[in-house]
Amino acid sequence: MKIPELSSRTIWAVVMIVYIVTCTIPIGASFEMSDITIEIYEFIDDLPEGSVVFIGGSAVFAFDLESSASLIACLKQMERKNLRIVCAPFGVEAVQFHKYCIDASGVMESRGGTWVYGVDYVQLPYMPGGAAAYVALMDDIHTAVATDVAGTPLNDLPLMQEVLNHEDIDAWICPHWAFDMIVRYVVAERDIPGIYFAQAAAYANYVPYMMAYPGMVWMTNGFLGGAQYEKLEGVPGLGTAVVDSYAIMSVVYVGFIILGNITMYQNRDEEEEIIQ
Amino acid sequence: MLTSAFTEQIFVSGKVFELITAMIVAILTYVAYNYGKQGRTWEIRQLDALEAIYDGIGRAAETGRPILMLPGISNLGNPQTLAGLTLFGEISQRSAEIGVDAIASASNTAVITATEAIVRGAYTAAGKPEMYEPGKYVRWFGADQFAYAVGAAGQIMATKPSVILYAGYFLFDVIVSGDTGSRVGAVQIGGTLGSMEMISMMCDHIFIGEELYAASAVITKDEMAIATVAGQDWIKLLAAGLMVLGALFSMAGSDAILNLIGV
Amino acid sequence: MISTDPWVWVSALMTICSFSLLYGENPLFRFGEYTYTAIVVAHSVVTGISTLQSRFAPLISGAKPLLIIPLILGLMSIFVVWRRYAWIASFPIAIMIGVGTGLSMRALIATEILSNIAAVIREAGLILVGPPVNSLGYLIRVVFTISGLFYLLFTVGHKGPLNKPLSYLREIGKYAFLSYLGLSVGNAIMQHSGLATSAISRLLGQWLGL
Amino acid sequence: MSKTLTYYRTYVIRALIIICMIATLASWYLVSPPIDAIANELSIWNMNIATFTLFVGVITILSRYVKGIKERADNWVFMLYATVLIVVWIIFGTMTGIYADIYQTAFLSTKITLHISILGQLIFFMTSAAYRLFRIRTTRTLLYALCTVTIVLCNSPLLLGPFPIVDKISFWLLNNPSMSGSRALMLTGGIGGVVLAIRILLGLEKGALRATEEL
């Protein structure tokens, strides 16, 4: 039997059906834990109570959605460990992204958690200026930003009275695309450990940093890393759902590659027959 | 030691090697610039993707289908866009000489204007100014990244080019036009420092990393551009030398080079 | 149950608008595209207004009168959009370029160049110790990085007696890049697949209640 | 503007760039509190000036749309819709503030949904492109397709379950061969960046201010 050359629309229809089926009927695929995700989890677990963790970077929300899986689980872990966080947005959509993750994780008192705004968590306003903003913030937080996102002066917030400059930051979590800025101005220049909940497409670009700063930089890999973190914290979410549908999709994808090659070899035989 | 106490008062400790590196890079850059100014040039090694472009122009002439050139989604301030436009100037002129249509579209309006000027210049240089018509070769589909990609995809389906060149700054938008290009069976050649993995998936021939800049230096034959490439080569060679030396030391059990770098 | 929340309906409409791209160029996609552009610029204005209030709070309260200079420079920078007066913007832009380039230069030397060189040297020391799988990994890291660097040399070593041995090195370098790019594509597939799952599952789950 | 004035202006601009660059560099390499203070102040100024660039986009877009609507250009109806949406959104956003729940819902349901769906549907194009492009004709395509297929499968839980070693393979591939290629690119990119910075510092690079010098 001869396999015909498939049109793009046919392929898209198959892919669409696969997604609809996998989104409505989860197969509950199990997955393995990776060493680095466990290392990150243990690092956060080992931070002393009351440590200050900064979350921030330059954001494109749609890409960062991938990191939200790990971040939401990590926020729950940090709430459980009584850590305190400051969100530092360096992209125009970062404020929205931070709010999305905080809301979804339910760590705030208003959503059933234990965190109180100003005491356990502060949201800084958007900080423009790229590299200069990171450098200014590390140098002196109160000079770099005067108020929080709602316009309250930083000095009126109990948490910010204790957090003055880079020496008061115990770790930096980057759930955003531009991790290079964090490595340059936070990890390398100020010796603050950096954790990157990497988007899968960015993982390969930034993985050399993990080798260049061993014991200072850790990265999880995409939704798979998110699913692993969710499993560690015991809160299945977007990461688990995505990995579930990806299990089928990866096979379909490879199937199409194989089909393409079979079609090519078939046609090549045909071409040879015509020549003979 | 007197000198070390003295340097610690002036230089931040641990940053001295960084400063020395900066100095060396500065000196090499300046030397290369001066050589370029004096008109000295270097031969640049063969670039496979550039050869593929020249083959592609021939192929386009045989099939009678046009060449499509996409200079990406960035503006004229981006060196990648400029390198792309340089490539386009060359293709445009060669195509004009042998009567192949070279068409283009971009997302940035300033790039569109520059491209139009390049096409006009190419036809004049090829001795066929009468063949040039404003608006015939260059199209604009909108400033948004995906509007551009969809527009380019429509253009690919309509004109069925034999060769598509992606040279400039691209992100994931290239997936849409790249897939469409593969549908019409075009030979795709690309280079970017943006989403390089996507370009490499879609294209038959790729400019890896800075090959894009080297290609534009080869085409312009501009002494300054070639000198810049050469200057960077010296620095890369030094970096490679330091790595090899350090690796040998390190394998022999000595941390001398690591301590020198101090990272 | 189909959702009754109007925002869920808006969200569903937007998803359908985007997915209509698969059908080709059409008015629905155009509608989505213009909505997207409009909200992007409007959101940046909204963010801009609140950021201005925060950034110039010390000026208004009188704590830092010196901020009047960046305020004027900032206003000057807006002139970049009018061709005739674009030169007014070149002063503030010069400051941004100067500070930005200076910061990136000092960071690039430390993180991109020296730390990577140091990493290669450290890894070379680990080749001869430890289990074979790790040693092979370290050997690959060292050889591939150095040969990758040689592949990106354009004016050196492609003529004369060095050409032959270096061409092998360049070939290895090329394969290092190809493996990087191939593996990146594989990872990008996981990312986009995840985003598609997120979009489609929201459409099916929140909107249609499946 | 007269030629002499343009000349002096160019001079002042070049001087500004070089002063700012030297201040930021010197504060990092040299021990000098006054230079540190200048560099810090410059960083703050930079942040404040950059805030204004948030308004540049809206001016460009609105002027293009208004022109398009006046001239009844293609898609002018969409431009009219977008203009109205921009104005309404700015008023709405300024009234509620960017951290309000209603603003968050509106932003997530529109812009973010659109962006996620556009990026998500690229998987469709990637699948059909893979079907056509990953046909093994040369060593290059063989290696490339092999790398992609391996990592696609290795990331997948279907294989991770029965063969846990697959996860190790995936990480080994990403952290060794792939990392080396990425590292070589990072290194050369870094060198290119430093060379560009030095060319600006030495006044050899004329293109840095291209956007404002097109007069």
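Letters A, B, C and D name the chains as they come in the text, with residue numbers starting at 1 for each one.
Note that contacts are C-beta pairs under 8 Å (C-beta built on N, C-alpha and C of every residue); 3 or more make two chains touch, one makes a residue touch a chain.
Model, not experiment: these values are computed from the prediction.
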(request) Please identify each chain that touches subunit A as well as subunit C. (result) B, D
(message) Measuring between Cα centroids, what's the chain most distant from subunit A?
(response) B
(request) Kindly work out which chain lies most centrally, taking the average of its C-alpha atoms as its position. (result) C
(request) Find the two chains joined by the most C-beta pairs in contact, please. (result) C-D
(request) Could you put a whole-Å number on the gap between the CA centroids of subunit A and subunit B? (result) 31
(request) Averaging only over C-alpha atoms, locate the centres of subunit B and subunit C and give their separation in whole Å. (result) 18
(message) Two-or-more-chain contact residues of subunit B, please, as numbers and ranges.
(response) 18, 22, 25, 143, 146, 172, 176, 179, 183, 196-197, 200-201, 209-210, 236, 239, 263
(request) Send over the residues of subunit C in touch with two or more other chains. (result) 21-22, 36-37, 43-44, 47, 50-51, 55, 96, 99-100, 103-106, 108-111, 113, 115-120, 141, 145, 149, 151-152, 177-178, 180-185, 187-190, 192-198, 200
(message) Give the residues of subunit D touching no fewer than two other chains, as numbers and ranges.
(response) 25, 28-29, 42-44, 46-51, 53-54, 97-98, 107-108, 115-116, 118-119, 122-126, 128, 130, 132, 144-145, 148-149, 152, 155, 174-175, 178-179, 182-183, 185-189, 191, 194, 198, 201, 211
(request) Please name which positions on subunit C make contact with subunit B in the complex. (result) 21, 24-25, 29, 33, 36-37, 105-106, 109-110, 113-115, 117-118, 120-122, 124-125, 127-128, 142, 145-146, 149-156, 158-159, 174, 177-178, 180-182, 184-185, 188, 192
(message) Residue numbers of subunit B touching subunit C in their complex, please.
(response) 17-18, 21-22, 25, 42-46, 142-144, 146-147, 150-151, 154, 172, 176, 196-198, 200-201, 208-211, 214, 226, 229-230, 233-234, 236-237, 239-240, 242-244, 246-251, 253, 255, 257-258, 261, 263
(request) Name, in rising order, each residue of subunit D that touches subunit C in their complex. (result) 1, 9, 12-14, 16-25, 28-29, 41-63, 75, 78-79, 81-83, 85-86, 89-90, 93-94, 97-98, 103, 105-111, 113-124, 126, 140, 143-152, 155, 172-191, 193-194, 196-198, 200-201, 208-209, 211-215
(request) Going by the contact rule at the top, pick out the subunit A residues touching subunit C in the complex. (result) 9, 12, 19-20, 22-24, 62-63, 65-66, 92-93, 95, 125-132, 135, 145-147, 149, 151, 153, 180, 183-185, 188-189, 199-201, 203-205, 208-209, 211-213, 221-224, 238, 241-242, 245-246, 249-250, 253
(message) Quick check: in the complex, which residue numbers of subunit D touch subunit A?
(response) 40, 42-44, 46-51, 53-54, 97-99, 104, 107-108, 112, 115-116, 118-119, 123-125, 127-128, 130-132, 134-137, 145, 148-149, 152-153, 155-158, 160-161, 164, 167, 171, 174-175, 178-179, 182-183, 186
